[in-house]
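Sharing a structure with you now.
Chain nomenclature is as follows: A, B and C, assigned in order of appearance, with residue numbering initiated at 1 for each chain independently.
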């Protein structure tokens, strides 16, 4: 394999997007493994899909709509039941200092 | 006594219980005795509900004694793959990130089983988040093949398949995204069906590849499979991707199951045999001979895009998975890392600590395939190829009632044999994956044994919503062979 | 000195919270100020295995609004996942619409202060779900409340057609009026039903060269006033910054500023806003929406006359002034009430006065709309006709109006019961005036004299007539007759 499909820096970038605090060893390992997989999927380029529609949904159904009727909620206690950290009414996370999104 | 009970099929047990010949509590006790004896070495179950199950069995026995009406699975002990939410016990997906997760709601299929008066006895092991083909990726436990404990049970529904094969339950539910019901069914010598996409509700099934996932039954024979399918099928208003009953009417799929198809046309794809072990090829070819003797016409076809299915799948499924698994972040539920420095570490450390390698790998691959600059080349391209693959099936079903091929290129491989190279593991899904991409139904039934006495699986594929036909075709084979009657020596 | 001229370019991104009963993808109740985390279910909590199901009402509201904003409504539209991680976003992706929004290429007309109408183009209108709320505390933790997570939001994006800070506010006010008229949102900015994010930059001509300053996105605006002030502030800040360091617009140097309401200034929140990689892809859990002609027609049957059109019509057809027309069309209930009363035969000006000077005050006190006071437009028209015909005084009409809220009899009947019917018959009144004149010669003298005592005496004589008629004489008619008699003899 001449050039790796995905290098360490790209792996770090993808790990950041995926919120995975990978170790350096893992990054190196994934770079190799993901490169091999990406090399394999290149196979798809053997097919000419210029006039082919992408198939995101197998089903020929549309407009699955629900009436605007109130249904019971879980209630605060059940909602918080599995929370790793909470007080009586809220989920708790370490203080957020910046705006959403971030890379 | 208990061993005799375990020899019954679901239907036979259900009928006996309904007649009062056998008590559900006896069946449940037998099953737990079997579990206590054998599951230490097989490892099919992540959790069992002995007390609750016995209590429920007693209730059902009471109802029957009083002549009250009961459901279609009354008193039958069923196991469920641990990626289906239950309000009882935990729902772990075999992952450390959900090790202590208790769902506040039941998956729709669970509600249906309960409404049918089934007795859910435990949750079975799987590859973590259903990602894998051997159950070796489970983050919590190891499951082995009851036929040979040095080998894998297949995956990702390995626990369910092993439990059925070892008669530690009378039937089990699994899920299939790229072959995860059919391949373990094939490795464990049982019947496993992936219904048409949209036939069975996904509400409460922890999502892996949302446009590919389906829940289906694993049973010791085809008629049981039809019974389970009848119970779990149906439109669910909580699942936008479940079809309504106009498109897919639900009825008793086992009603006409012994009616063979006259003028059955079976399509076979010769090129596909090239990738399989010789013993697998021979068993499948023998199966084709059986159908020939039953007056079926065999047609050779080509499916030119079949070989691209793995590549397309590992882009589409991983893209969807990378998004579906984003919710496991240690904030609202699940594992949270100790002493996070800030809220970003809550995410990245919790996830990194608690996800296994295969899960991380697929999340990374999926994220990459969707990321800016790569979306068109990878994800979008894969969706287009998916359309072409589905086209192959549509063309095939214009010529034939079904397609037959092996379920897997090999019989059950040795534990650790394919774990070094992820790509090698992916390539073993060659026969099952295209089916999920196209949404069509398929079943795997045992059709032979290799020289190591390991089961070989025959895969039969039918067109969308043709499960009744599919089951009848499978039953034709079963009625003329006895591979399905063999059980592993435990 | 340098020759500097500049133009402000503003585009607006607006989020409107829809007035449905339930959330966008689940049946949790939408209710203001509920107990934290009490309106949450497996779907909006993002529990494993949960799945979204579209709210039909929200989709229809979106289609209705897109049409009202003159957009092309998509025949085929779908849902996409927008991925980013944040504690108030439980799935760590937002279900939104990316490349096929429900509406596109529309426009909104706004009435400017000078009476002209300005057209602002609308780039797109799409539906999405809202996130929950992060609450900062004094401790080392932030609290997360998911009650709001999953609320249906309509996102409206304009083209950068706005050029004055004031226009931004006028656009916001008009949009609020429109969505309230359509009934698709309460649009109360204080409750967070409408959120505005202006995108501002300047096109500067300096010494015959042209420059563009980097675009700023302004967040955290809680009132229309703040909206206008922030754009004005930002205009000045950008001009100063440019004159100081010459920074110009480049790809990727868009900044985000927050509005500080206390200091009345924009504050930098994020330097170097790198483009987020949201990794949009079609949501596999939701099927597409196909808007058939039939469905579109059914929805548009609910499309009412829009406020600006109604306002203009009140001016041209009914002869009202712009101000009054504006007051009457501030909300739909009032506008419809007025329109129907005039159509029932009431004089436009009289009806307008009854509503603006009396009706709206009472409705405000009772915290209801004018149409909920128990008076139909038809009865109001009758009342207006009585004033117009001089059968009752304007003052009396207020009393009668108040009575009409409980008493369902006709205004004529009520006026009669309250002895408020004015005598306007000239013959009858003349007789009484003659009697009063005869009985009060001194007062007549004084009144005629034109001196200091004249006004008082005049008032006295009027009072006597009113007394004799038990207050029912039409004062205008009495005055007319009295004056002519005083002049005459």
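In the analysis below, contacts are C-beta pairs under 8 Å (C-beta built on N, C-alpha and C of every residue); 3 or more make two chains touch, one makes a residue touch a chain.
The model shown is predicted, which means the values in this text are computed figures rather than measured ones.
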| item | value |
| --- | --- |
| Which of B-C and A-C has more C-beta contact pairs | A-C |
| Chain whose mean Cα position lies farthest from chain A | C |
| Geometric centre distance via CA averages, chain B-chain A, whole Å | 24 |
| For chain A paired with chain C, centre-to-centre distance based on mean C-alpha positions, whole Å | 41 |
| Inter-chain centre distance, chain B versus chain C - centres from mean C-alpha coordinates, in Å | 57 |
| Sites on chain B at which at least two other chains make contact | 101, 104, 211, 237, 240-241, 326, 329, 331-333, 343, 347, 367, 371 |
| Residues of chain C engaged with two or more neighbouring chains | 42, 45, 53-54, 85, 87, 142, 144, 146, 277, 279, 284, 286-287 |
| For chain A, residues that touch 2 or more chains besides their own | 17, 19, 56-57, 59, 61, 64, 66, 74, 85, 91, 93-96, 102 |
| Touch list for chain B against partner chain C, complex | 84-85, 91, 93, 98, 101, 103-105, 107, 202-207, 209-211, 237-241, 319-320, 323, 326-329, 331-333, 343, 347, 367, 370-372, 375, 379 |
| Chain B partner contacts - residues on chain C that touch it in the complex | 42, 45-54, 81, 83, 85, 87, 90-93, 142, 144, 146, 275, 277, 279, 281, 284-287 |
| Touching residues (chain side chain B, partner chain A) in the complex | 100-102, 104, 197-198, 211, 237, 240-241, 243-244, 247, 305, 307-308, 310-312, 314-315, 322, 326, 329-336, 340-349, 351-352, 355, 357, 360-361, 363-365, 367-368, 371, 378, 380-388, 390, 421-423, 426, 438-439 |
| Parts of chain C lying in touch with chain A, wherever the complex brings them together | 20-22, 26-29, 35-42, 45, 53-59, 84-89, 131, 134-137, 139-146, 219, 256, 269-270, 274, 276-277, 279, 282, 284, 286-290 |
| Residue numbers on chain A that touch chain C, as the complex places them | 17, 19, 56-57, 59, 61-76, 79-80, 85, 87, 89-96, 98-103 |
